[in-house]
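Chain naming follows the written order as A, B, C, D, E and F, and within any one chain the residues start at number 1.
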Amino acid sequence: MRILLINSNTSELVTEKVLAGARLAASPGTELAAVTSSFGPRVIASWSENAIASHATIALAAQHADACDAMVIAVSYDTGLRGARELLAIPVVGMTEAALLTACMLGGRIGMIVFGRHVLPMYQDVVASYGLAGRVAGWRAIESAAPYSPGAHDELDRVIVGEARDLVERDCAEVIVLTGAVMAGVPARLQPQVAVPMLDGISCGVRQAELLASARYPKPRQGSFSHPGRRELVNVGEAIARRYGAGA
Amino acid sequence: MRILLINSNTSELVTEKVLAGARLAASPGTELAAVTSSFGPRVIASWSENAIASHATIALAAQHADACDAMVIAVSYDTGLRGARELLAIPVVGMTEAALLTACMLGGRIGMIVFGRHVLPMYQDVVASYGLAGRVAGWRAIESAAPYSPGAHDELDRVIVGEARDLVERDCAEVIVLTGAVMAGVPARLQPQVAVPMLDGISCGVRQAELLASARYPKPRQGSFSHPGRRELVNVGEAIARRYGAGA
Amino acid sequence: MRILLINSNTSELVTEKVLAGARLAASPGTELAAVTSSFGPRVIASWSENAIASHATIALAAQHADACDAMVIAVSYDTGLRGARELLAIPVVGMTEAALLTACMLGGRIGMIVFGRHVLPMYQDVVASYGLAGRVAGWRAIESAAPYSPGAHDELDRVIVGEARDLVERDCAEVIVLTGAVMAGVPARLQPQVAVPMLDGISCGVRQAELLASARYPKPRQGSFSHPGRRELVNVGEAIARRYGAGA
Amino acid sequence: MRILLINSNTSELVTEKVLAGARLAASPGTELAAVTSSFGPRVIASWSENAIASHATIALAAQHADACDAMVIAVSYDTGLRGARELLAIPVVGMTEAALLTACMLGGRIGMIVFGRHVLPMYQDVVASYGLAGRVAGWRAIESAAPYSPGAHDELDRVIVGEARDLVERDCAEVIVLTGAVMAGVPARLQPQVAVPMLDGISCGVRQAELLASARYPKPRQGSFSHPGRRELVNVGEAIARRYGAGA
Amino acid sequence: MRILLINSNTSELVTEKVLAGARLAASPGTELAAVTSSFGPRVIASWSENAIASHATIALAAQHADACDAMVIAVSYDTGLRGARELLAIPVVGMTEAALLTACMLGGRIGMIVFGRHVLPMYQDVVASYGLAGRVAGWRAIESAAPYSPGAHDELDRVIVGEARDLVERDCAEVIVLTGAVMAGVPARLQPQVAVPMLDGISCGVRQAELLASARYPKPRQGSFSHPGRRELVNVGEAIARRYGAGA
Amino acid sequence: MRILLINSNTSELVTEKVLAGARLAASPGTELAAVTSSFGPRVIASWSENAIASHATIALAAQHADACDAMVIAVSYDTGLRGARELLAIPVVGMTEAALLTACMLGGRIGMIVFGRHVLPMYQDVVASYGLAGRVAGWRAIESAAPYSPGAHDELDRVIVGEARDLVERDCAEVIVLTGAVMAGVPARLQPQVAVPMLDGISCGVRQAELLASARYPKPRQGSFSHPGRRELVNVGEAIARRYGAGA
């Protein structure tokens, strides 16, 4: 099985971290491919960058999905998720969607940790769009640029653990979701210091993508996630044009 | 006052209809400018086209907003609304957002008419994202390609009136919103045949944009709608790069 | 255009402040008239006073609406709003309704400031009745009688600014609504000290009333906001009796 | 124990029917008193009449509550409920509130029958204001003026039974609430023809009022339902003035 | 009238406290019977014990309901409520359900006090299952084993009063519900120290059970609360088998 | 990996069908064990049977979980789910929970098919308890006893396909969940006749259980899903007593 990881940002460093984190979660037989956008934001941290990166998601999906069995959107805003899901014949999951739904099966309400107060409302929007706002125990925003620099981050680790514990103590969170594609693998590392399960979107995304790929549900032939059919677009990349040109 | 109307599609015909409809609603002193995307879908009718057009919204906003006092997103999915609102220093309203909020002031629950069952869930998503799902009385989807061809559409008119009346009769709708940028001006024309107010997004959008422009609220300096600051993006249009390069 | 401002309280001082605040917001061509109730509470500050003032709203609406193009309920509980909207042929907006809906277009969640913990649940009820409870970031109640005494209120100003900033900092409010008819104009004055837009109901109410008046939506002929028809009432003011006696 | 039934309308016929229905539900030792408003609508059937009758509720409560142990608002919009609850030291229940909460204890979702489509949104508002919209299985509106004329109403009975059964069959209602003060006693009479319990607000209101009176909960000394304290009102009835003049 | 109180736990001490508390609330003519489970948890304090005790509720209901007019589930998780309601021909109320619905009639939002953070999510689940989550002002969890030991509990009393006041002050609670069957009678004793009404489930349960019993609503003949009919069960107690064997 | 399937009913036939369906979904290396309750309902079809079977779930979990890596509750009411999740150290998923969450990743709103109107409210309760009521497009109840008899069921197949299609056509369902443990494998068989993905709980449950088992999240040490610790229970099976006796 081959899973495609899409980084709709243009930062190779993040793609590498995503791939490394994904490898820890993938099943033995699973092959992973990770691609990076050729245009758009270095790292999405605003509504407007997210809007641009939606296009990047479609572009990457159109170009790289062909030989793959499932795709994971490796951007924690799940940028362009519904569009890619509609356009492709293979399963597509968002990393935050996957983390939230997996967390639901561990029971109870979810503590959410995000990076930066500026983007907190964007994550609230994402969660609400899945109808899961009622499952959230509380939110914490960490202000730190450390995740995007190389090396160990002991201080950041301490802050993450502190916020996770605070969500458990004060907000009765029964499971923690740590957002940020760049956080792939971090929850597993910090888990011993936190009393409830701690999840990241990349590992959940890879696992749920494997699950959906092996379930072999058919592509919808009706509804908003069926292929849009032959559509006319102008001045878009060749790969995109091809996807719409052929029709369903 | 100068209001910019953004058609994130690439169809000039729609832009013309939007501009004509907007003129009927604009105040005497208001100057209108309407621009069309140079890339992307001819007419958005799917999640994936909408994702591509989000980029188009930001591109148009970045390029054309400078001499304007407010901007209206003239695409009824309000494509890229939050991004444009964050990036620009002027007020930005979505046409469907404006229609829904204006409808709220007429009282009671709203009957929604959309074009095509394929896109119905997309509109439900838009309405839910504003927290207004509870204000909807009911939905009707009309299957017709007529809106995008020139000339009179008597049959389509009859269908619209029929659906509006049905929403009033069966779902107790107290006001009707007719979606579709191309429908600009149609509600006013059909109003005599419908017993409750009927609104379109373009006229509401223009009016609310005028209102916000004259209110002169300051650009937020904090929160997710403050300018994202100096950000690095690659391979994006010059106008976009300039907006992020300068910082807040 | 002539806009009627209804103070369903019996305090002339508040009416004057409302009128002064309204003038700052009204468009050049707009004529404003403000009327005060001849019976009922001096200043509504309880559920029971609000119930009495509902009658005052209908009485004022019945008597003064004739030569007007739209009406604003200049009481921040939007007292009697639905009743006036149903009875009159002109648009009627509540000042808090207008503030909330205008705030929605500035994006994100709304920080609410009210005067007095005793009335806080009344405002929560008002917001919930519009289906907008989910748009509220947080509530703050200020205990102060200063707003109803003449003169400058430096200390109160400091408290308002403090609460507004706290809503932004701790609750991630992206826009602030300052309730209280007597607060008309205050947000504009304090705006430089607050990092997100700050709105008052009177200015929003006047602007939205102008908008609705110029849009010329028809009076509903069906539904709960159509005129109730010829109804029998006893021992009510002449103006009220006349409104129902004539039928729709 | 003495229970006061308040008809905020001016129709003696309704008061009589309410009293007759209440007697069927009251406990042996309970004394019932029913009073009718001296001003306002004959029978509330619109938002505006309801606004006027809010004042009537306060007036009746202020004048007649003194020797009573609890009060029932015998108007199915629960007109002025929160105001009377705040002003008086005795328990106050709304007839529809009582019916809904009693219905909740019979389990499952509630089928609602109202008289007139014009008032349906008013009832939806009432239910939503209690946070119980999610408990409603479905709504039916019956168009008939029969309830307000004397004599037997076989045809109306048939329609009510038909709508109740339809709510059970199609909407899976597990209990029926028949609104309308004038319907007091009717559900009990028609019950044999309906497969799930059928409730009216008057009988539920009387029973819940008895329950609250015997429970002897203290009057709140804090919060929005504590007495508003000494307040200044002008040109209101003597009884009202006295209630506010004395303070808490 | 005879009311059956079911303690689905196996602790006689709790049953005694429940019965003592119930006597303070019951009407003069009411006879009370309290029974204790012969198997299962001593005191439910976890999801799994609650699952076992659901069976105990059905067993007790099947065995003891025959000569009774109504039943109260004297376990504050309302364990097995819907099952007992369906199986029996008499009214069945949960003690927490009764407290919540009674609290609703006192107006405003409810402050909830529970014993133990471990069980807090269980109570949130109970409240949400009635659709009343929106009526809750706030939650407080007290860690104390004192309730289950004999004698006076001055320190515990102080803590309860402190938490109740805090709910009023900080969360604007307008009424308090103190959970825990063992707390029967405590709210009445502490009431003088708290400014808003304070309720316990046992007294509310007894009163609402009396109310429903005297209302004599029919057993549903349709829907999920009608008797399930003749069903086959194996290795269950005789009393249970008999209830299903006979059919409806 | 070894997955335990728990049938909290006492019907071996259903256990066999569950096991056969599970085998179609399980990964190559997965070993499956299915156990049947020794007491309680033959097939749960009512609230009261479900309450009894909650105990059965805990009994089966306590007795059989030891050598297993994850457990699936093979009863479509997810009977006793939270209790088993708390008591055991291995992951526990409910079959309907798993189906719903998996359906969420296919996008859009879910069409629900259940067997019997009597149990429809029970399923609505289950879905609401996960906070997913807003994701449901519509419900259909099929009245048929055929699923529990052996042999082919052509007529039933036709009905299921018809209801599924109707959910897609009229309610815009974008994915279908067919409830009922006995339906394991049926969606896959009927899939070619339905235009959107069709899921059953057993296959989803097995897959999600595998996923959780391989993810190796730690058992919570805090919160309502941590082990309840040493607890005293009387007259329960040995296996249950052992689980609580040892403490966490």
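The criterion applied here is as follows: a residue touches a chain if its C-beta (ideal position, glycine included) is under 8 Å from a C-beta of that chain, and two chains touch if they have at least 3 such contacts.
Quick caveat: nothing in here was measured; it's all calculated off a predicted structure.
Any chain that touches chain A and also touches chain F is listed here: B, E. The angle of the rotation carrying chain B onto chain E, fitted on C-alpha atoms and rounded to the nearest 5, is 180°.
Ranked by separation of Cα centres from chain C, the top chain is F. Separation between the centroids of chain B and chain D, computed from CA atoms only, is 44 Å.
Remark: chain A and chain B have CA centroids separated by 29 Å (rounded to whole angstrom). Residues of chain A found to touch two or more other chains are 82, 85-86, 108, 117, 120-121, 172, 174, 223-226. Inter-chain contacts, as defined above, occur between A-B, A-C, A-E, A-F, B-C, B-D, B-F, C-D, C-E, D-E, D-F, E-F. Residue ranges on chain D touching chain F, taken from their complex, read 108-109, 172, 174. Against chain C, the residues of chain B that register as touching in their complex are 25, 27, 82, 85-86, 91, 93, 97-98, 101-102, 104-108, 130-132, 134-135, 168, 172-175, 191, 195-197, 199, 203-204, 207-208, 210-212, 214-215, 217-218, 220-226. Taken together, the chain A residues at the contact with chain C in this complex read 117, 120-121. The residues of chain D lying in touch with chain C in their complex are 10, 38-42, 45-52, 54-55, 57-58, 80, 82-87, 117-122, 125, 128-129, 223-226, 228, 231-236, 240.
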